[in-house]
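In what follows, chain A forms one complex with chain B and a second complex with chain C.
Coming up: the complex of A and B.
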């Protein structure tokens, strides 16, 4: 394995080197870096030209400049990168550090969401091949494939941001709107749950009535401006997650799984009350990360030690409960801060920027500010990559379902759940891993457009300005991040193969 | 693609005569035997979505080319996309599709069906001109990328060894650089060379062949082990002849389907580049450029924003559906008949 990884990394570095050389040559030949100064009427024109030549080292041949850049990158192995300066003499390192954090935040979130939702939709449409749901999703997929990103972005800005902000000033639904929303929700629910005609009608009725009753209630409570879950809400939902996760994995009769999950839920319910002061007064990102890590580790420990024969499943179910419970607690605190946040930022979703400039708020308000600014670009990127993931998952699941071992699994009487997830899905994941790895790099490319439309000061901006000014250093910095990410993800995909498919010995 | 599967192996006499009887029964039915091409055509024509899309695409193409004319030939639409004029009624579009008996103002075409932009240029002419560009880009990129991808893939797969290694590393090189980045850099270069739309299209074709090259290589790697290749080699056919006469025609399905999807993504890529300012430059018109120029006009003059976007969407969507129809037509395994739903949970529709 180690030998394989070393060989792959070696080849990857070779490719990265070749690609960087190619891109460097292309960028410096894409135009004249002094064009704007040559045409300028400034008095100190000669001086400015001299200065820029010095900043960009234009007086040395291109291979010398490339070599200097490469040597600077080489220093990264000694943990002190030097990515050169842009044409105004600003160090690209600091520019990149600022830009990369907002872009990676966006792209990682979008990729994770798209993978989860896309794979889920793919499995569902494969199970219900040629149903109304399948045809609907197929059409939607084609629509998203064909959608010009920048055009969709402007639509999102108009209807999601401006429309929502206007609505939130005085949240209200007319009777007609409530009826329409309830009918649509009921229709979608019966499409997803399917079943016989009678069951579909029942699903539709229950969902529609529930939504029809819930919306006026929430309005009357002022929930859209002052949402809340409360201790009781968090505790109830966490226990519900524990029960349903157990029921979906092995069934409620398996006490060895049920008890650890319930203990985890109880622990979450107690801790959210005990630690309330930490959440309100001392919260920061480190505590958040540590809390998330504990939400994985402690339930794993509980499940593993109590699960006995089912320790793997018990640990998984407990971990799900723990993480969802922790998430709900955080959500509760976001809800508590929402009214205060609205006072600071009356129109919560603004269409420009990755954060509000000069925003003065506590931890929760700042986090909400990041969150509301993330919503639109994330929706856009997620929807676009969602389309391909769901499509590939569907195709891959259908391919696998024709294999003999699926028939064997079914004929030896395994429950449908086990056949789908243990036998079919695990094998269907193999091609998806490759596509996800390749897509990540493409998604950063897509992020260039998204960032431009939403006015983010991210890597896209770094790249576009750099290219526009024929300034290689920022462009190469952009490439260094995307290229390394692409190679890294491919490597991960290869290792992932070996885990998924023991036949692949490397 | 189709290798004769019902070869009669002489076994015991009984089986042999049974097979013969079966063959005779098949022949007695007056079903006409169809060639591969006919089968593909039939399956494609049966695909409703693809046929509707083909109609839409042909309509848009004819409309765009006849209305404002092309290559010096004047079209039936009198106004040019370059001429400024006085703005009438705030540049509001005069197109009306709601008939009077529904409370609209009747079906009318008017002077400026899509309205006018800031300087009074006719928006219909601008959009049609942009549509022409999109279609040219799609077709040229499709041809260039397909030709390069198919040849590189076939050569790599047929020769294997070091040729394969070099070509595939070259492909990796192109894949590692995000497509949009590579296209933007080359688009910028093409723009500075004073390039026409064709230059831009060729340049885009030079960077979008990688996916097809990988697919064709995979196909050729398995095809080259088949008997007909050995037979051709035994008869003394050269490598060039084997690749172009025997291997590539057998991968036609993969190639055609991918070419279609390449066209759709090329149209989107061009519009993105023009939106970012690295593609088509003003005063020339392009759908992406129009959206970029008027994205802030959405609140006051939404027609400047809706038309180009809807047309990109319509073209890309119909090309993608045609690709889907072609895939179903070329790959009988994808056929919608004789297929059970997954895990037998659902009944397949006929």
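Coming up: the complex of A and C.
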């Protein structure tokens, strides 16, 4: 394995070197770096041109410029990277750090979401092959896939930002709108839950009536401007999660699982009240992360120690309860901060930027600000990359389901869930791993348009501006990161293969 | 079986959630969360002039000098003059006054207001003018290159002695080596000398002395700081003590790639800014209109296209649209290089001018953006300037107002030039220029020319089409800078911007008279003279002034477009949100 990795890394460095040389030459020959000055009739135009030639070393041969750049990169091995400066004399190192952090924020969430949702859709459509759901979801994902990003972005801004903000000023639904929303929700619900015609009609009716009643109630309560769960709400929902998770895994009669789940729920319900001051006054990202870790660890411990022969399941159910409960508590605090946030930012969803300039809120308001700024680009990036994940998962699942070992597993009498997740899905994941690895590397560089239309200064922006100004340093910095990421993720995918598939030996 | 359980769980959860929402506490925000204090200032105004990030407090180096950076630093640096919206020069009486005390030798006396101070309280003095002169003095060198890496390098030659006066005083005189018609727009106030001197480890007196002595060695540390000391990494503003300002605004905060905020300079000696906060956001032009609609931006400078205009018009009363001509103007220039088709053939140039559909170009391409646009009939003055009519009537008889295919065809036939290829070169891609060439082609082909669209990406590049001379007519624009003398570089023999190598001794002489005179009536007479010579000789054909398009939310008062390169933010200190 080690030898394999070393060989691959060696080849990777060779490829990066060759590609960097090629790219450098292509970039410096891609246009005229003095273009903007040539049409200027400032009286000192000649001088400005001369200064820029000197500053960008336009008068030295290409191999020397490349060598200068390479020498700067070489210093990275001594941990003193010097990626040069851009045309305005700004250090590319600092530009790259900023661009990479904002792109990662944008891309990481979108990729993870796309991966989870895409794979879920893929499994669902594979299980219900050739159903209405299958056709509908396939149609929708392909529709999203083929959306031109800039156009979809404009639509998102128009309806989800401008339209939503206008609506939020005084939230209201007409009767017709309520009926339509209820009907759509009912229709979607029966598509997802499926079953016999009678069941479908029932599902539709129940959902539609529920939504039809819920919307006016929420409006009357001013829920859209002042949402809330409250202590009681969080507690009851957490207990509901504990009960339903138990019911879905082993059934409510299995006390060894039910009790730890209920204890976890009780713990969450107590802690959310006890720790309220921490949440309100002392919250920061470290506490949040530590809390999340504890929400995993403590329930695991409870489940593990009380579960007896069901300890695996009990730990799983308790952890689910714990994490969802903690999540609900956090959600509750976001809800509580929403009215204050609306005072600070009356139009919450903005169309540009990664944060509101000079935003003055506390932890919760600032987090809401980041979230509301992130929501549109994330939706866009997620939606357009759903298609590939869901289609690959579906195809891969269908292929695996036809294998002999799946039939064997079924004939052994294993529950369908075990067959699908343990036997089929695990094997179906292998091709997905490759695609996800490639995709992530591509997304880092590929969010150019999304970044531009939403006013994020990320990697794509670095690349496109550099190329536009025939300025090699930023373009090469972009290349270093994306090229390295592509190679690294491929390597990871190869290693991941070996873990997933025992047949692969390296 | 399980499906039933799932549906039940979902239904139960939903019902529960709904029921609970009713009994939740109604007092939203429990204590600490509600620290919202009304939020950002009501008089916070967000503006975007483009996607480019801020670069440096010192926007006077070639690297940091750009319209985007100037849009920000010009709000913080006062000068002795400002440009009005039509390119006219308006003295800035807040900072001080100036008058010409002698014409030959040409001496100008500047008086800095007594109450003019930097934002840190230090009085603005003659030493600051000495700094402004020093950085523009190319005689100070370090090796082969100028000591101060400044965009402007000619004050050292123009004013050899620099500003004369007590460095700590408020009055100084400058003596020009030769009369300079553009004397009013020389830059005598840039950066705080006391900061530069301190950073260089000198006293102000030492600095001024070294500058007047031309002692490059002693000034080296000062130059080092001036060249690089104010250039910080994105998102990091220089230490406040290093960046005192002389204008109505000072730095607030900078979020790299996102926004830069200016706040009023409370020590400003002129009228205080009418708003509490000016937020420059770095936004792509294509995203500006929706951002304006959503209230993310209050003032925008989007791309002046028909599409942008119709989007803005779609927003109705919520926005004010500011349309106008700018000082950038489009023109067709003939190639006069030896052997070129039009070089020695005035008749053929006339024929070409007769068939160019100028009116149609303006009507189809420009008026949709600026309904008041008209065909441009001059090169040195613009339709919105007061002496335009006078100059045009003295220099141009309207002979090319109407397309005259028959007349052009007669000349072409007479010259035996029927079917001659005319390559119109421009820097591509540029859809509007492609459209113009297409219109010229459909008109001039009827007259017997064979117009070829020779637009390509390397038109202006070294070794490109323009340099090789592989064109008959060049189509491009000049950006006017408000200078009186800059045209000499374009029209006089052997000058660097005279791309077509046009040469006419009479034009050269007229420019010589213009650039050495300080008399405005001489300027006007010579401008008329030059315009007439250029029309008679058909140096080229002016087409139109580029349209400018800005927009602002309708509750922001005092926003006004400008023709100059100062952009929409030129009077940002007067912007005010209506109560």
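By our rule, the second predicted complex is superposed on the first by the 437 of 506 C-alpha atoms of A that agree within 3 Å, B and C clash if a C-alpha of one lies under 4 Å from a C-alpha of the other, contacts with A are read in each partner's own complex, and residues count from 1 in each chain.
FYI, a contact is a pair of C-beta atoms (placed from the backbone, for glycine too) under 8 Å apart; a residue touches a chain by one contact, two chains touch by 3 or more.
In this text the structure is predicted, and so the values were computed from the model without any measurement.
Enquirer: Counting touched residues of chain A, say whether chain B or chain C comes out ahead.
Expert: C
Enquirer: After the superposition on A, what does A:444 contact: first (chain B), second (chain C), both or neither?
Expert: first
Enquirer: Under the stated touch criterion, which partner chain does A:196 make contact with: chain B (first), chain C (second), both, or neither?
Expert: Touch partners of A:196: none, neither chain B nor chain C.
Enquirer: When the two structures are overlaid on chain A, which partner does A:161 contact: first (chain B), second (chain C), both, or neither?
Expert: A:161 contacts chain C only, not chain B.
Enquirer: Of the two partner chains, chain B (first) and chain C (second), which one does A:80 touch, if any: first, second, both, or neither?
Expert: In the superposition, A:80 touches no partner, neither chain B nor chain C.
Enquirer: Identify the partner contact of A:487: answer first if only chain B is touched, second if only chain C is, both if each is, neither if none is.
Expert: It touches chain B, and chain C stays clear.
Enquirer: Now for A:233: first (chain B), second (chain C), both, or neither, which partner does it touch?
Expert: In the superposition, A:233 contacts chain C only.
Enquirer: By the touch definition at the top of the document, which applies to A:149: first (chain B), second (chain C), both, or neither?
Expert: first
Enquirer: Which holds for A:174: it touches chain B only (first), chain C only (second), both, or neither?
Expert: neither
Enquirer: Where does A:31 make contact in the superposed view: on chain B (first), on chain C (second), on both, or on neither?
Expert: Both partners.
Enquirer: Identify the residues of chain A that lie in both the chain B contact region and the chain C contact region.
Expert: Shared contact residues on chain A (touching chain B in one complex, chain C in the other): 31-32, 150, 154, 158, 452-453.
Enquirer: Could you list, by residue number, the parts of chain C that touch chain A in their complex?
Expert: Answer in residue numbers: 2-3, 5-7, 9, 11-18, 20-26, 28-40, 44, 46, 51, 53, 55-56, 61-66, 69, 145, 149, 151-154, 231, 233-235, 252-253, 255-259, 261, 277, 279, 281-284, 286-287, 290-291, 293-297, 427, 457-458, 460-462, 464, 476-481, 483, 485-486, 489-490, 496-497.
Enquirer: Along chain A, where are the residues that touch chain B in the complex?
Expert: That would be residues 11, 14-16, 18-19, 22-23, 26-27, 29-32, 126-131, 142-143, 145-151, 154, 158, 397-398, 401, 406, 410, 416, 419-420, 424, 438, 441-442, 444-446, 448-449, 452-453, 463-464, 467-468, 475, 478-479, 482-483, 486-487 of chain A.
Enquirer: What part of chain B is in contact with chain A in the complex they form?
Expert: Residues in contact with chain A: 169, 172-182, 184-186, 188-189, 192, 264, 268, 271-272, 275-278, 288, 291-292, 295, 298-299, 305, 308-309, 312-313, 316-317, 319-321, 324, 336, 341-343, 345-346, 348-349.
Enquirer: Note which residues of chain A are touching chain C in the complex, please.
Expert: Touch residues, chain A against chain C: 31-32, 34-35, 38-48, 51-52, 54-55, 87-91, 94-95, 98-99, 102, 150, 154, 157-158, 161-162, 165, 193-195, 203, 206, 210, 213-214, 217-218, 221, 223, 226, 228-233, 236-237, 240-241, 243-244, 247-248, 276, 280-281, 333, 336-341, 343-347, 349-355, 357-362, 364-365, 452-457, 461, 465.
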